[in-house]
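Single-structure report; data block below.
Which chain is which? They are A, B, C and D, in the order written, and residues in each are numbered from 1.
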């Protein structure tokens, strides 16, 4: 039985893990870098150990140092959170070797999930549909033509050595494919000296829908429903919700069965996520497995009533799942907004620095997982996620309006945040009607709408602002006079 | 349709009502006394009107003044909260006369619920069991003897003019009854000049179990499960939970049917509570109806997933209940601790004054309804309830441990609170095993246990306290020296 | 320095033995050494890591020999002196000569609803002297010793604060 | 006094017309009178009830003619002057004579990962001058005008703060 967990992470996810451990009477060991002496995870853990400099490579990614703390603190398990070492199979193996219970899948399973080609192979064998295309590299243009005609145009030609939009081309017929094959080959050779092309079906107006999966060490597996995470910027999720507006119970069950197959195909244990693209015609295509607890897990907790960290600990302890698929019922609607430190108008550029004041929203069915507190600092060394604001309601609209109230209550001084953008999105007709896709922001001109909304907000507050300014001037005028004449009225108001 | 609600209340319940109205886009009108200029309900409402002096009779009970604000602000409905005017049928009638939608039962129904004798009569007719005893006053000792033998000893002899333990006697056989009848009669005559006695069965180890009832204006009624509120001091509830550890589904359904009958018997509309005593042998006896939203409603919201204030508004709007009894499913376990400003060791005497600092617990499945904020004041003019701390869990033990964590996180500077007592209770074996009764505190020596726990806590913190004191001394020693020598290390740490 | 915590028998001997700069200290409490790092500090409180454990203390009031603090939400009163035995001796001497205080103080704030005694009345310990109302509750103030009521300081409907003197019992 | 709020065309004319003591005021904004009661106030902010509505403002920075505040969580910049027209005139005059600033400033804090130009290079508006890394993201800093790179202030792996000058473009 796990009695003391080292959390090899920081920020809100470290706090999340500490919270469940504390409630279960399990001791926690925090680790922290030079940048994190004053972080909440240090303050909330049973014990806290300094492990190095601010740069992740020198601290949160430093496997040897973290192992040293595990051994000296007597921790019998490690929770990797997400990011950092969470999907590093070398680290999982290091823990296994040192008889530390790694709370996650086995090193071998993690390795398989991380290798996209091998993982896709495993899925094809298990009859889990992946994005149609060549099974591997195509050897020449003739093979590419053959596959394109099988899977139907439009298709993408991708050089496996490309990346970031380079060495990739959308083609819609045989003629374009022939030209494109040549261009992509030469681009790739000129860039990296070699070329290797795959063909993949191009999907339009896709949604990102993922399933929470859960499998114990005895082979019992369930899915814990889907999450729709289509609202993104640069492939980073911004807003997630569950259930998805396009997943009915029949679809949930059908795709859910594929998810259980997927977990079995890679011998996955503990909690993880199977990510899918859903095309506009309603087909689901497996993309990849996230072999860890995910950022957006709270919304699945809200609709399932389960504590996922407790579930992780139970599975790591070798326990059998306490429920069958048929025991799990989805209850209500949950939404998550990722509150990032970024400037929407500066192409989502990071915004860092001290946060002198913060007001964290709360109330029934509002959950805010955050490392923020008045006087904290948003560090440039780590990612921009400051808080995960989640709301639940018995209907989608109650969850949505609760989120709007919570976003209005959320005040973070000192850094730019994504809060105003989310207010605009949640108020939009497109969001309300569930018209989601991964290009949502661009498709519906959300940044322009935001500009308008901010102006309206200012107009509404203008009289109050002028009133505050008038009183401020009066205050300073009076303060100057106070030196000579007694003005007890104002004096009383000074702190 | 209700568009603007005046809230004729203050404190946490005013905030509770504002929260739902805001989410639904309904405007809110707060009223406040001299004591409440800086209260949160004033700050969170759409509009706020000053209505008089601190004493309730001059403000929150001032019907004429509140009506004036209703009319001048254009409010079309009034929410009375609990306490103050909430069960005053004159006020309900005043609203009805002025075409203001009173969010609660009709004035007539409220009047009937408030008259204990008439209400008991209505229940007997509807075949809802009440505490066995004389149907009214007994005319002589012979009638008392007859009834006592029918309902079986032990019985209580009560003078209806008594109160606070006077003019009441427990008797266990005919001989004691004869003596007791004489004593109670003479006690009552010497105290108030007259005597009138009723006989009632004495119930031992009773539990206080109540049912949330809900009935629309079209006669559709449901119960929304039970709450057990047995942990009390001086007949004031301290800790509530749902479900009750002694109510199984069969009992829930059976008593629930009585509750629906009770609501029909008094033509109750809107939300209310039917209170029962449950004797140690498992029988339920109706006591009274609370004709309003109750303090402890959040735990029922947690297990039902419903927003009770929204439900109240919908019913007040004349809508039909959106569910049948069979649609309602109880989900998980919820606990409420009433955080009172009182000194446990001074016989729960009130503790009032400024609260310079407060930390309000939060987190998933933790809900804290409170008017507290750093810098607020606990007023001696109003009741001692500062906060309602509620937790939910898929199991009773998860809910309980979550509550313990939240109680540990809760810090209120400046006043004494019931928080330490609740930690002792929630940690006790008697509470864990569901061994509840209205004399819980005395039966299990909880105040003595608390004394022990506080000492243990001090011992655990003693080294850290000594360390803090050592550093404090060093700090002041150094600060004195700083005037002469430069000690930048310490200077940096001064704010 | 010697430290005594109210309600706990044990005395603690504590001192700083090293200041390593950068807010790092080594302190010694009785026979054990501890690592201490200050995170934040001002006149109102301190946050620090003692060995591997975070603590937060608020200083509520400090006199030369007494300090009231709240540490990790637990209120603690510390007495301190360079030689503790002397203080204990002095204090007990003081109590011995002065006896029980004559002033009856209110332990709660409230409004006076009734006064049960007149000046010159004899009361026994536990007798009700007056009744106060606060938060809709009535609370009796009882005599803390036998005595004769002198200097009755309260009037009906007046307001008293916590710690206010109700009367002297001599 | 005249008040101008950035991004809003309209000017506001505002003044106190009565001080009724007890923190109650009557103010006039344009042609309408408003009741104002101060609840709390210090140099950092104010809480007040305007007519029947509560507001909370934090003063972030105040200059003689400009004030940055956050009111009810909405950030607002106010310009104020006894006669607003003059200021507008002066400011536009200033911009006219000075032209666009030469200094290219970083709009984000970050670590320099690469520099795309050398001193003396000609750049066009929109050309990448350097790339910064912050929060695991790479962000390009682009030229805000055409010009020749002078006084390149950054070095690879150095850290720049928001508002730091990257180079002058002349």
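The working rule: a contact is a pair of C-beta atoms (placed from the backbone, for glycine too) under 8 Å apart; a residue touches a chain by one contact, two chains touch by 3 or more.
In this text, all values refer to a predicted model and were calculated from it rather than measured experimentally.
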Counting C-beta pairs in contact for A-D and for A-C, the higher total belongs to A-D
Based on CA centres, what chain would you say lies at the far end from subunit B?
-> D
Where the centres are mean C-alpha positions, what is the separation of subunit A from subunit D, in Å?
-> 32
Centroid distance [mean C-alpha coordinates] between subunit D and subunit B, Å = 50
Taking each chain's centre as the mean of its CA atoms, how far is subunit A from subunit B in angstrom?
-> 40
Multi-chain contacts in subunit B, i.e. residues touching at least two other chains, fall at none
The positions of subunit C in contact with two or more other chains are 40, 53
Enumerate the contact residues on subunit A facing subunit C in the complex.
-> 37-38, 42-49, 73
In the complex, the residues of subunit D that touch subunit A are 1, 3, 5, 7-8, 10, 12, 14-16, 21-23, 25, 27, 29, 34, 36, 38, 40-43, 46, 48, 50, 53, 55, 57-59, 62, 67, 69-74, 76, 78, 80, 107-111, 134-137, 139, 162
Would you tell me which residues of subunit B are touching subunit A in their complex?
-> 19, 22-25, 298, 301-302, 305-307, 310, 331-332, 360, 362-365, 367-369, 394, 398, 401-402, 404-405
Which residues, counting only subunit B, touch subunit C once they are in their complex?
-> 341, 343, 346-347, 349-353, 357, 380-384, 408-411, 413, 454-455, 457-459, 461-475, 489, 493-495
Given the complex with subunit B, which residues does subunit D contribute to the contact?
-> 37, 39-40, 47, 49, 52-54, 56
